[in-house]
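Quick one: the structure is below, and I'll ask about it shortly.
Per-chain numbering from 1; labels A, B, C and D assigned in written order.
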Amino acid sequence: MKRLPSVLLLIFFFVFIMMAPQAGAEPKTDGKPDGGALNYGEYGRPTTLDPITSNDMISMRITELIFNGLVGINEKQEIVPELAERWEMSEDGKFYTFYLRQDVTWHPKEEEEPVPFTAEDVIFTYNIMMHPKTITSMKVRYEFIESVIKMDDFTVQFTLKRPILNALAKFSFKVIPQHGPANQEFLSREDPFAQKPIGTGPYMLKNITADREVILVANENYFKGRPHINKFAARPFADQNIMSQALLFNAIDMIVLVNHRDIPQIQGDKRYVLQPYNALSYSFFGYNMRNPLLADKRVRKAFTYAVNRQEMLDSFFQGQGTIISGPFAPGSWAYNLDVQPLPFDPQKAIELLNEAGFVKGDDGIMVKDGQKLSLTLKVPIAKESEAVKRVVLAFKNYLNKIGVDIEGEFKEWLSWKEDVFLNHEFDIIFASWVFDDSADISSLFHSAEIGSWKNNFGAYSNPEIDSLIVESKLTLDHEKRRTINRKLHAIIADESPYTFLWTLTNYAAFNKKLRRVAIHPYKFFSFADDWFIPTSEQR
Amino acid sequence: MSKEPVLKIENLRTYFYSKSKQAFIRSVDGVNLEIEKGETLGIVGESGSGKSVTALSVTGLISAKPGVIIGKIGFKANGVQKNLLQNLKNYVRINMNTGRIMEINKDNVGWQKNIDRLMHKIRGKEISMIFQNPKVSMNPFITIGRQITESIMLNTTIKKRSEAKERALYWLEQVKIDSPRLRYKNNPYGLSGGMCQRAMIAMALSSEPSLLIADEPTTGLDATIQSKIVDLLAEVKSTVGVTTMLISHDINVIRELSDNVAVMYGGTVLEHGPARDVLSAGHRYKHPYTAALLASIPNEQHFREKGYLQAIKGDVLDTINMPEGCRFHERCEMITDKISKLCKSHEPDLQDISPRHKVRCWLYCDS
Amino acid sequence: MKLSSVRPIALLISKELVIAAFLLLGVSFVIFIILFLSPGDPFSTMLKGQMLSGAAKAGAREALGISQAWYSQYLSWLANMLHGDFGTSTRTGLPVLGEVIRVGINTLYLTVASMLLTLLLAVPIAIFSARRGMTFFNWTSTIFTYVVSALPIFWLGYIVIYISMHQFGFFPLAFGSSSQKFDWLNFMLPVFVLGIGNGTISEVVRYLREEMERVFSEDYIRTAHAKGASIWKHSFKEGFLIPITETIATKIPFILGGAVVVEQVFNWPGMGRMAWQAAQDRDYPLIMGITLLAAIIVRLGSLIQRVVHIMVNPRASQE
Amino acid sequence: MKRYSQHSIEIGDFSGVPFWKKAAVMDLMYVSYGIFIVILVIGSYILGAFDLLPYDPHEINLDLLMAPPESTGHLLGTDFMGRDILSRLIIGIQAYFLPGLLAIAIAIIFGTCFGVLAGYWGSGFDTIVTYINNLLNSFPRLVLILLMVAAFKPDIYYIMVIVGITNVPVVASLIKGKIQFLKQKYFIEAATALGLNNRVIIFKHILWHNCRSLLIIQATLGMAEAILMETSLSYLGFGVQEPTPSWGNMVQAGANYFMQGKFWPSTAPALAILFTIMGFHLLGDGLNNILERKQGK
């Protein structure tokens, strides 16, 4: 039963030996064994497999294996060379010059000589990304770039509109080959490239099985050296419970994101390793400041006081997470440790409400000059939404205790988005954001971001915040910026346009045959080329 | 000139249990009949008098259960000789001569299985039937040709399809179907009622049975066709000369075709004898019921006399609660004071009043 | 078969095909209307915060080919479809036709197999209780059909998986995977669940039994009996063929519906799963494609049924 | 006059015959079971309405998540929010009760109208009804409903209305068939000849006398189907939404823990569904048989 795949792999091995050009492709020097295969389970299917048009985590994880950026990030969150072996930044910080590696080749199309990677590709990628007809979520991130020019075949220079702090991190965008897409102007999902991507990364797409299993095989001439594991297979599952069971029955070797309710069961099993990694995202209840009741900061604070976050964290997520007080990643330079999360204190909450002029009505619901404090909470439906349900129900419960009537409403994802971002028909939402890698919260709280399809859905506007945000964006001095962000943090925590809940600790579960597994919190597979399986357990 | 009877029915009783009435319906209640080789026995009687059930009992086609078939049906023709009701497992046990229910033996699967065993090689082969309403009695999904050849190949020595087909065509000609080769390919749906009936007769004859049971062969056909069919049957009788048991409520049909006649009423035979005696209005020994029947035939001379059509008084017998005594006495018009007590109290036997003519009535028994 | 019956059938098929065409048109229109009336412009949700200027938006709009009013959208879509171009999925960008056919075939395996299973269970039960009346076996099996057709199907699926894991120690991944090769047992489990759990089996048994009882009491069966022929042979066409094909035709939609759930549970790469995904993403072209394919399958079923009906029953052809 | 009637024995007591042989008895059993279920449903509906429940079905208890049965006084244990399953089970029927009736009402009323139109008055309606029927049958029902619910709003009333609508043509075609059958029997001509007006013929003779059993069957089947449909939708995430309890979303929520060997939270509602739907099916079939037998006589 195991015979067939291994034979196939052998064949591929030969093919690549044939094709491997003399340049590069030196094996890794760490003396760890090559071989073995890793089947990991994903809940759902990838949209597209190219880094530009795809917009979901599953695709992002796969593209992380197939593509590289100019710069990368190591396990200590430091910026390290990747496709660019070194770079220079002009004094005024407007010009970034990247010197590209010369030994990099694109994944060979079948029976073809691998094409070398050049500056052309970088420019091509940028142009396609910014083309108006290309629909991608990355545009916004790269608005700061003025232009890009090719100095020579292996040198590119980016010109920035204005200097910004740690712009370098942003140059980690994945580069796609010029000879990849059929349409050279812009990239749409119809383009065959979107399903048959060609990259420079450690793994290359072999095929997609009848079962929509995405099969990746080792790139023999990866410029960082051949990855150890021969094959990655991303298997889509339609039911998370079944997926966990699949792991426990060795039908798959890894689950990238374990459902928290399954953690105890997997912990109990010695054959598997649970590896924590920080989900670079935080959950929150967001308030609609357009609603006069919620415009009053005391009310919002009262809500925050009323919610027992620790209890929720413990009983729903096995306590795997940290409660936060502001919009920055805890432990990051921007996070202000002096701002403590508000404690659970219903009494205080009630007092605050009374201050705000609310009194308990005879039906136990707070009333302010004849207006009941009853709000609608809108939540998007997902099939696997138990955790969400739990948090929402608990929230409702807590607020009922202090005399607030919450009307929970679960809506289908797209119509929810519309209600929130377009029509702004909501009082409270439950959602989560991904931390911005450069701690930029302008899109969330800057008053300029109020409007349809803008992220400041709550219409929170505060001139002080606005000015601080702008300031922090413009400043180039890291220390100065740090202090500004700490200030921002403090103010937002006090104003509490959101009730910040927590950032969770996610768990990847995998068969313990996998060794030296390091996980990038967000992109997950960044270091996958170092993972290996001891020869004895390769089967 | 005494030939041995092909079929000898003795004291046949066929009851059905009616769930709704919670009682047994005595459709056939002590019938004695015999048919001699080559003769045609006509059975006449009102509807519900048990004619058809008798026939079905003989061929073991009674499907309703639980119920009773009991008695003796001796069948004797080329080689075969057996009682068709040999130790049949019945749902109830009854007293052979009075027909009283003695006991109900529980949980009985019915007789279907072992009747099929008994009837093996007889039903269809030795005894074949003609039913009423030919159009529904022929399989509407199969061409008549196929149906006839099937019965030929099942029941005769012919086993090859081609021969069977020739044979079938022969029989179709015998029954005067025009352009048989064409009809051979037709489904019953494509044929007229008369055609169907002819086809069915052909099918019945095609297995060369030693007994042919025609159950109301003319019912459900319109008058002209009826007479044609009757002619056909008469002709068949003369040419093929098959022993026939002809069942009809139409006295004219009976009179035309049968040598002997049995008059049935309330599940038993009231009169049995040569057709000419039984069915001639002027005959002196006659059962009141037969007389009434004959009187009820519309004929214009009688109509001129009386000015209306004679009908039998009273209504059809309640077959669940038989009246004690003669079954007919409640409707009988010839009861004389001398015998009326007898009529009410005891049922008369079927006794000879002249050779081969039996009547079941107190009028004609001395003492 | 005989020439005489070929013509009516050819005629009928052409007639049915015309009807089917109209129906499919109707189906596509209904779906289109639903999608059109549904709140929310999926396009703008898709573009959320990805566009710089209105002009760019317009550009992207036409790139996606949704710029005109709804009826012209529908008509153009229809026109393309008649050229065999069903558009591409807005989610994966793959051509809808290919995708739908690919998953459609998988679903067809599942559906047909479980249909067969349903019949394999239902027909014997029906026959026995029609012929032998209510014996203990028939009674229990009838009750059994009632039970299984009242079970929530995904729960049944969970039970089956749980048992297969903890009793037999294997994990049902239909279609195998790169690590597990295709395995009949894995293939059979979903079929089993859908076959007995699709909630129609009791109706099927009931219907078949009634039909058979009716046919067995027909006069022509008695005739066949009287001439010593096998009543099975004679009752086959009206008593089995027609009712069974009828059942198949009428129950296909239900089984397809059940497939949606079973495919989720057993991770079956089929139409139902895709339908669910598409419904969530408002993937218009894909939804269209899937529903049309489903409709086509259903129509095919009823076409077969009609043809069989004509072939066995000459009367029908005259009508 | 004395007759030797033999009722003494012929009240042929079938006592010795095993019960499953006696169709009448079986049907009675079916029907009585069905009625029992219906009473149970109505009863629990009333209980819910006057909330006479062991616990408050919405009361959240985070210290007692997924408590096994019989522990801490929760007869059937608690669910993933520590809510009492029994109470939610009882109140859960409310998700189906009125909506289900609505679905049935839609199906029966409109179906009957169309059926009569098609069968009684001529071919024009007939073709239309047949077309609509085929049209709706061309969708897998679940897919259609899934689509609607995803497109608009996961609300039980939506679901039920659609279930009702999809059942309209079914009822219609059945009624139509029945009427055409009656026409063949020259029954309607006779009635008209007797000078009855259409209203009487349709309502009294056609619908009441001849379509009763058929409609009853459809009603019960409709209810059963509605419940199953909601259950499947709940599994797909589009059923009745929290915090409103429905058996469907209870099974779904419980099933999340099924694989971990915690069976009770899904088994209890699943069995409730099982028995209820069986009840409806049996009720329908039994009643049908009985009425048919009546007519047969």
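Brief remarks follow.
Just so it is clear, a residue touches a chain if its C-beta (ideal position, glycine included) is under 8 Å from a C-beta of that chain, and two chains touch if they have at least 3 such contacts.
None of these values were measured; they are calculated from a predicted model.
Number of steps on the shortest path from chain A to chain B, with steps defined by chain touch: 2. Comparing chain C-alpha centroids with the centroid of the full set of protein C-alpha atoms picks out C as the closest.
Simply put, of A-D and C-D, more C-beta pairs touch at C-D.
A centroid comparison over C-alpha atoms places A as the chain most distant from chain B. Centre-to-centre separation between chain A and chain D, using Cα means, comes to 47 Å.
Separating the centre of chain B from that of chain D, both taken as means of CA atoms, is a distance of 51 Å.
Distance from the chain C centre to the chain D centre is 23 Å, each centre being the mean of its Cα atoms.
Centre to centre, using the average C-alpha position, chain A and chain C are separated by 39 Å. Within chain A, contacts with two or more other chains are made by residues 241-242, 245, 383, 412, 415.
Touching two or more other chains at once is no residue of chain B. Within chain C, the positions touching two or more other chains are listed as 38-39, 158, 161, 264, 276, 280, 282.
Against chain C, in their complex, chain A makes its touches with residues 1, 4-5, 37, 39, 44-48, 53, 132-137, 139-140, 143, 186, 188-191, 194-195, 209-213, 215, 231, 233, 235-239, 241-242, 245-246, 249-253, 383, 412-415, 417-418, 421-422, 443, 453-455. Here chain A touches chain D in the complex through residues 241-242, 244-245, 261-262, 265, 311-312, 315, 381-386, 389-390, 392-394, 396-397, 408-412, 415, going by the rule given at the top.
The touching residues of chain C, when paired with chain A in their complex, are 38-42, 44-53, 55-56, 59-60, 63-64, 88-94, 102, 106, 158, 161, 165, 169-171, 173, 175-181, 263-267, 269, 273, 276-277, 280-282.
Remark: chain D residues 60, 62-63, 65, 80-81, 149-151, 153-154, 236-238, 241-243, 253, 255-260 touch chain A in the complex.
Across the complex, chain C is touched by residues 59, 61, 63, 109, 119, 123-125, 128-129, 131, 133, 136-142, 150-151, 154-155, 185, 187, 189-190, 200, 203-204, 207 of chain B.
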